[in-house]
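Structure in structure tokens, see below.
All chains are identified by letter, namely A, B, C and D, in their written order; residue positions are counted from 1 within each chain.
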């Protein structure tokens, strides 16, 4: 390691604030870039599930209607 | 074929000029805007000749950019609303010529008056007289590039009629023109060679004339899909 | 339309389903690679690389600033080329890639800007200096935001895709011009202040971790692009039978 | 005279946001024939016209003009069609005759333009700027193009909207003349036409098959 101690690594001769804040902000944004599409994917999967369910309900209703019509 | 090309160009140039002359208020608005905001600068900063002449090259160019941006928004939207855009797109000939005709008309109606008016602002801002000629040349060439690039933005934002979105799309693309345009004036003020940035502006114009109509053509065809 | 016959391999490449299934297999490995590259680069750059003679330790910001800028810029070209491919061959997948690339690029540009500003404080004594690279990055951010905003102009997604692709192409022609002009403008106004260290003059001990970080950022870009595109595929292809199959299988597993 | 095939449409379909807008359209049109496109509001009549004038690209299907795919005779096709849509394409700042001569083929004589304006009842307004005219009169200026055009295939989207009885009569007259000359027309209208014998084509909105 270039630094003698952990404390020095964090302090970095007074530049630590800048270096560490730059890295933390970057990593947060990058983490956001990973989480956002994952959330979006989850949401889309839910939407599709809903879509399928709706379709099934519609289909059932239509079949019922058709059978009613043929009976009467 | 050559005849068809020039015919499309001239026909649209003539019609848009006629429309520009008939709608005088539309023609005058950007010019008044140009003068008005320029008059604000000395009030907001300081009426000292020395400071103003330092700011002049940049300020003249920023206001020229804003004035063209204001007017370019309506370049195609009026045509879309009354249906003449549809008729233009149906033309069997290359669409590039009508598009260039319309943009040339826009430049004659906006860029050229701005150029002719700029000496007034030069006087207001105590711009040295040696810089007046370079300033007018840079504005004449530069506003043509601004019209071309602005037209691309106007074509792409047609379904929602420009506004802030148009500014967002077009401003970053305006940056080189702004840089070299104000550099022409600045160099002239400093007594340096101002032909080099002017030549780059002319090169930008050449690139824009070649490429912008293609993008505009493709963009206009999307407007109906909006 | 008559392309389908001749270009089957090309179209299979362009098939959202193919992409979705392949990336499912690639993603774990690629994520692992990305993570190890980034961690190696970070630890190496932060703790082991020597400090810069002039700038001291603040120079370590280079290990996020430069990779983010490099990938953000390359990402713009990636986006524009994806758009062009979509325009020319009418491949839906490449439009989806283009659309996913915009927010990633914007975020990376944002990282480059923020870290640049933070780096500026100890180096120049101010958070914002109109340095050529930072100014270009600011313009690049606006270019990205423009592409993202344009999408909402059109109600039909096909038109929105095409419009974004056209804007991307116009931007692609402009990016080098903007870079060159900003560079030239800077030499005009600010002759030779301290520049962010350029690569060739760097000591290998400093340069190696930077290289690792740049590769790591590219890998990260690939991972996020896949993630975003997969979500986009689901959003657009919800009618496709393979998507329905996928969802029903998933619910059955639960 | 054997009727020549002018237009042949084979299962033309259009997608918006990945959904078909109407059931694929197929029809043929010979010279001297008129086709009346019917359909409820929102069935996609206007979109169909946009497809026919190549303003929109179909997602599948073929368009043949005089037996040739339109993609191979773009120039010939576009120079031989006339389209009048919902919007009249009239510029408010120009006079009626300026507007008409702008929209007419190049080199149309001023006598012909004056005559066309007279036949739509606008002879006194020829040199009046169009912002002084009413909406119906704007429409008439646009429809006066029917007198000056040299196109053989007409696309008229709702030509009778915003017109009085006299205007309707005029257009029907123009259409009949055009058909007699061997021209062809595709038009849409909610009104039943009395004077013109036209085949009708019903445009059905596409229903997703579940």
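The working rule: a contact is a pair of C-beta atoms (placed from the backbone, for glycine too) under 8 Å apart; a residue touches a chain by one contact, two chains touch by 3 or more.
What you see is a predicted model, and the numbers here were worked out from it, not measured in a lab.
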Most extensive contact between chains (C-beta pair count): A-C
Longest centre-to-centre distance from chain B, chain (CA-based): A
Where chain A and chain D are represented by their mean Cα positions, the distance between them in whole Å: 50
Chain B and chain C, separation of their C-alpha mean positions in angstrom: 32
Centre distance in Å when chain A and chain C are each reduced to the mean of their C-alpha atoms: 19
Euclidean distance of C-alpha centroids - chain B vs chain D, Å: 37
In chain B, residues with contacts to at least two other chains: 225
Contact footprint of chain D on chain C as seen in their complex: 1, 156-158, 236, 239
Chain C-facing residues of chain D, complex: 15-19, 60
Chain A partner contacts - residues on chain C that touch it in the complex: 42, 46-51, 56-58, 60-61, 64-65, 68, 100, 103-104, 107, 110-111, 114-115, 118-119, 121-122, 220, 223-224, 227-228, 230-231, 234-235, 238, 243-244, 247-248, 250-251
Contact set on chain A toward chain C in their complex: 1-3, 9, 12-13, 15-16, 18-19, 21-23, 25-26, 29-30, 32-34, 36-38, 40-41, 44-45, 47-49, 51-52
Footprint of chain B on chain C - complex, ascending: 87, 139-140, 142-143, 145-146, 149-150, 152-156, 158-159, 162-163, 166-167, 169-171, 173-174, 177-178, 181-182, 184-185, 188
